[in-house]
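After this come two complexes, each holding subunit A, first together with subunit B and then together with subunit C.
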Partner chain A sequence: MKNISENTGLALLEKLCSIIAPTGCERNVSRFIEDLLADIGGVTLSRDSVGNLYALKKGNGKSGLRIMVSAHMDEVGFYISGIEGDGLLSFSACGGITDSVLAGKAVSIISNDGETVSGVISAKPVHLLSAKEREAYTPAQDLRIDIGASSKEDAERYVKVGSAGSFDSDFTYFGEGSMICGRAIDDRIGCAIMCDLIYEMKDCEPDFDICFAFTTREEIGFSGALHAAEYFRPDLAIVLESTAVSDLAGVPDSSKVAVAGNGPTVSFMDRGTIYRDEIFRFVLETAKKRCIMMQPKKFVSGGNDAKYIHQANGGTAALNISVPTRYLHSASCVIAKEDFRSAEKLVSALLDTDPEVLSDLITEVRK
Partner chain B sequence: MDELKKLISDLCGICTVTGSETDADENVLQIRDFDRYEKDRLGNRFLYRNSKKKNAPLMLIDAHFDEVGFIVTEILENGFVRSVKAGSPDMRAVSASTVTIYGKQPVFAVATSTPPHLRTGTDNSVVKESEMMFDTGLSEARARELIRPGDRVCFSKKTRDLRNGRFMAQGLDNKACAAIALYSAVSVPTDEMEYDVCVLLSSGEEGGCMGAVPASKEVKPDLSVVLDAGFGRNGLSDTPRCIVMGKGPAISYSSALDRALTEKIIQTASDDSLPLQVIVENFAPGTNSEFIQHFSGVPSALISLPLFNMHSSSEIVSIPDAHATSDLIMKLICTPDLCAGGGKQ
Partner chain C sequence: MTDMLKEMAECCPVSGREGRLLRYIKSRLEKGEAYIDGMGNLAVTVKGREKHEGGSTVFAVGCDIPGFFATSVSEDGKVYFSPTFPVEDLSELSGRTVVYSGKEYKILSAAKDAEKTRLTDLYVDAGVPGASEFRPGTWFSFRSDIKEEDGKITGICCSVLSLVKTVIDAVNSLEPEYDTGFLFSVMKIQGGRGLASLGYDFDVGRAVILRASEIKKDHPTVLVKDCRLIPPSGLVRLLTEAAGKAGVPYDVSGITGRESDLSNAVLSGRGNSVISVVLPASGVLTDSESVTESSLRELRDLILAVSAV
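This part shows the complex of A and B:
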């Protein structure tokens, strides 16, 4: 690699978060990662028909186990659904975005020439709203993206119906350097962790075959992961994610989900998967043994690629490691910097498990 | 970057939440280019430029310099901060926006929001002032060291260039007009000036037009031209008060303003083929203009710059419109007899 410090860790996360890739437009991310991993070496790269990118790390043959580590490349965003006479663009949200985080946000649209064009999600001015209209967030169908076009014809020089984009916001360290605010942390953070792990392992042979799967279409229903699981047929799948937390002032502990800064979460259940108790405990014990900060996710919410992975191939052992993220699916996702490092350590520790221990665990799960 | 756009951008980079305009960096205001600079205890700033004419009438060019924002009321656990509105920020645009809290040092923070994963029910109500918080990422103890109740909060000062010279920033209402006033006043050759000019960067407009009246009573001008942001017209806002972006500024007919001055400005623009849209405002337009006219007795006209997304974190103006407005203001400074009284004797 030409410059390691710029292509690992938080610097890599920042680069990945700068790429506009709403669901269905993951190619810019996969191209970036392909180039990066080709440079690192030590893995065999391939892509499938739904856009998933695979980096296969062959094991030393001591164990026949196959482990898949996955993270999705797509992010929530917008599809342009109409171009109006005055040059404003109507849009449909892609993935779960609430009306409350739309108005007034800067966006970036992938333009007809493959570059990006800046825009703003615009609303009727607050002064011209009725008293009733002021009480509720303006729904997405009544908002428009303004790229500055003066007419329909002018707008069509830059975008078309079907063009896609997402929030345009900066990657910012704050809280005296302890926190990060940025766009698309869900789930470029998982992608960054996988790239870092591949770099760490570049000169060694693991005890198992490991497939790092960079998946597509998570935000609209996890379909990329389904194909990845059927492609690699893993014995164990580790799904890396960011998970929504609500550790705000005044929120009771029971509703916080998890606390940013207390390490990554491991889930026993979410809205897509009930994880096997043996695996949940295995993660907790591994973290404890290796003195890695982590926390169980204390609320049943959200869902992730594990939903289809754990159902694939007649049932696949799966676990989910997530970085606690405030204000998920907005222009300003917030994470604690240390949680990123702890998540990397935890996944690295899991991949460093004695193959016999892991084999016993998988046998237990399959009983 | 052209000079006017740079000045607009620089002014937007200053935090002047209504009631705290005194924090503005005077270097940005280009006071060196004026003959006299004063400020008062209300936060108003006066920048004078003298003509070469003896007993020239005095033209007041008012542009309010304050902006909407928030004022810190409370530091909470885990470094969260509660605030109240200063002026009327568009609360629909607050959640998940980034802000700067101007404490002992500028503190970056994020306005809290609830993601769909954690929402219950279908309530789509706009966040209440009392429920909104800013996340500083600091410990409570450190937040208390850096921030105290009364500190001002602005939306983050980011800018973006859009198509056709349109420019996105926070605080363009009314920093764009303040920049136009400053730029125009110093750009006219002295020997062409028909008026002595006072650019008033007035305070407290967003809090209820509190600065312009005492300021104009102090200045005692012969006429005033008030520059303010107006509602841009598009498919989202299409009332008779709205003005088309890209077609220059607009002047308002209003029963609260001076009709003769308004018509002379329209005639001047027409004579010089300068673009000027004409709109009709019922009663008072809701700007400093009617306050200066009504309470200070100064003949006043209102010229508006089209702006989208007023009071949100991402206001938009057209830089060509800003230049067209500046061209008109410069022309007015050089046009005799705009005011019926003919000026000071």
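This part shows the complex of A and C:
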């Protein structure tokens, strides 16, 4: 990495989103981040046996607090489960992907030589569908990936059973540049925010130790974050995520989780965690004081690494900040550019909090 | 009896928001060293004459009651919410009375067809534009009208709260030979998440998880099989022999289901030997929810008998 400005902010997000790394293949992302952070300096890098990457920013010793910021490196994708005689590939989804987002999509598969091979998820054109077939999405088990191979032997030159892949789509700006569409925004956006924060802090010493944990295996619900929390034993963990929003036509206001463009969300509860009210309110107040746009997550849905972190070590205080993302777990995730910036500002503001205030907060939680 | 249950209900200890109740419980304990642990549970140790080499007996009881979190508030004062407990038929929530900050509100439904009720059809009409007392994250619970009549305690949430009271009574009357632990735990309804700290709070020799449940038995019931848990046979024997020796009536049963997931208790720390004992209750989550005073007494005696082993 020669030019640091090409590896921060949206430019960095774009690069991270271009890496194919479904659960189990996070190494592709962690290698990239490791190289990047080695160039930035100011942090101690290490790995663990489940593939988590840690960047430890040592504090100046003023406070004994230990804060962990985490984001997961994996994305939803699929694994090749069979290669047929005609060279078409059957596959199994890895993570929460619905049938409705599959047919006709371009994909990239990690090939036998570690590069990628392009393909398309086959779909019968509407002209060939029966009336009944038109009524429902084709289930994943009936879909195949076409990599242009003419036979099983030909396909096996590029991929094998067990090869992993994911959607392939470009990172683009639209809506007069205010919106971003891309693949794997969940959760490369969290990774990008952490890299940016490390870059911002490269020449300073925080008052307490901060461990940036790039974690594995979130999308299949077997969380590398649990190991991260057990490894670092934080007093407080900030989990960065992207959250599904439904600010779409036909969805009533009461079902809208959040609105893209109104700032990152902060959760009081999701399917995996009930966050401490004191911490939830503290984040809201911090955002208000620093004039950072944010919104409480308004619908109880989804889950994230906080589920494991908050139960680690006999209980760990955790909070979740997510970037509202339309069409999550699809080839075309959409975020508002400003939400990315606001999320960075909010995490930065939390890490910039007086350590005594943070200590009091953690003590308050335990009263 | 019911005064204390009413005071506990007023603490509105819905899952994840049990703090006020735990502080109340702490104020009612006459012995033991108590502290709030990392999960937010109240961990209490009653010192014995000595420490058991095989670790302490620990009794855990979930303190949370079913409730709701406000998720959004419309401009015309409708408060939408999400329940903290599994609801199979959402239409059954319509018409129920909930309490927030001492005020009663009705749950209303906008569903045209009750059978197709979705969560987004249900709301609490705060009757105030903007409903400023509510914000996303505000929590509330069912109105609880707990009564004592003919040896029965009735009223929604009475089973959980009277179980908690029974454990407080047991702590206060305990004179243990060995150190004995009590965990007033949080988020029982959320898959027993609070139990994740059990093995960190105590040097656990054996853990007895106490809970109230719809079960057709007359006495406290030792479960030989529970959801995702088959207790060690030695622990079943220990409990039943202790009860038998002390002349405490008990039942034995094996039930399965999603109701209780004790894997957090088993896996916490270095791993624990766990069994559950159920307080028979009926009509759980309805206004006719009830438990008998005799089974509560028996349960207290069972706790005392087991902690004497």
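The rule is simple: the second predicted complex is superposed on the first by the 362 of 367 C-alpha atoms of A that agree within 3 Å, B and C clash if a C-alpha of one lies under 4 Å from a C-alpha of the other, contacts with A are read in each partner's own complex, and residues count from 1 in each chain.
Keep this in mind: contacts are C-beta pairs under 8 Å (C-beta built on N, C-alpha and C of every residue); 3 or more make two chains touch, one makes a residue touch a chain.
Quick caveat, the model's predicted, so the values are computed rather than measured.
When the two complexes are overlaid on subunit A, subunit B and subunit C sit side by side with no clash.
In the superposition on chain A, A:365 makes contact with subunit C only, while subunit B stays out of contact range. Looking at the shared chain after the overlay, A:98 reaches subunit B, while subunit C stays out of its contact range.
Residue contacts after overlaying the shared chain place A:18 against neither subunit B nor subunit C. With both structures placed on the common chain, the touch criterion links A:84 to subunit B but leaves subunit C unconnected. When the two structures are aligned on the shared chain, A:280 is found in touch with subunit C, with no touch to subunit B. Of the two partner chains, neither subunit B nor subunit C is touched by A:111. Residue contacts after overlaying the shared chain place A:316 against subunit C, while subunit B stays out of touching range. Taking subunit A as the reference chain, the count of touched residues is higher for B when subunit B and subunit C are set side by side.
With both structures placed on the common chain, the touch criterion links A:348 to neither subunit B nor subunit C. This overlay, made by fitting chain A, leaves subunit B and subunit C with a least C-alpha separation of 9 Å. Touched by subunit B in one complex and by subunit C in the other are residues 299 of subunit A. Contacts from subunit B toward subunit A in the complex involve residues 76-80, 88, 90-93, 95-98, 107-119, 124-127, 133, 135-138, 142, 158, 160-166, 168, 231, 234-237, 239, 241, 246, 286, 308-314, 316. Contact residues of subunit C toward subunit A in the complex are 15-17, 19, 23, 35-41, 69, 71-72, 74, 78, 80, 82, 84, 120, 123, 135-137, 187, 190, 193, 196-197, 199-201, 264, 268-269. Those residues of subunit A whose C-beta lies close enough to touch subunit B in the complex are 84-86, 88, 96-101, 103-106, 117-128, 134-139, 142, 144, 146-150, 154, 158, 168-170, 172, 174-176, 178-179, 181, 244, 246-250, 257, 299, 301-302, 326-332, 334.
On subunit A, the positions that touch subunit C within their shared complex are 252-256, 268-269, 274-277, 280-281, 296-300, 310-317, 365-367.
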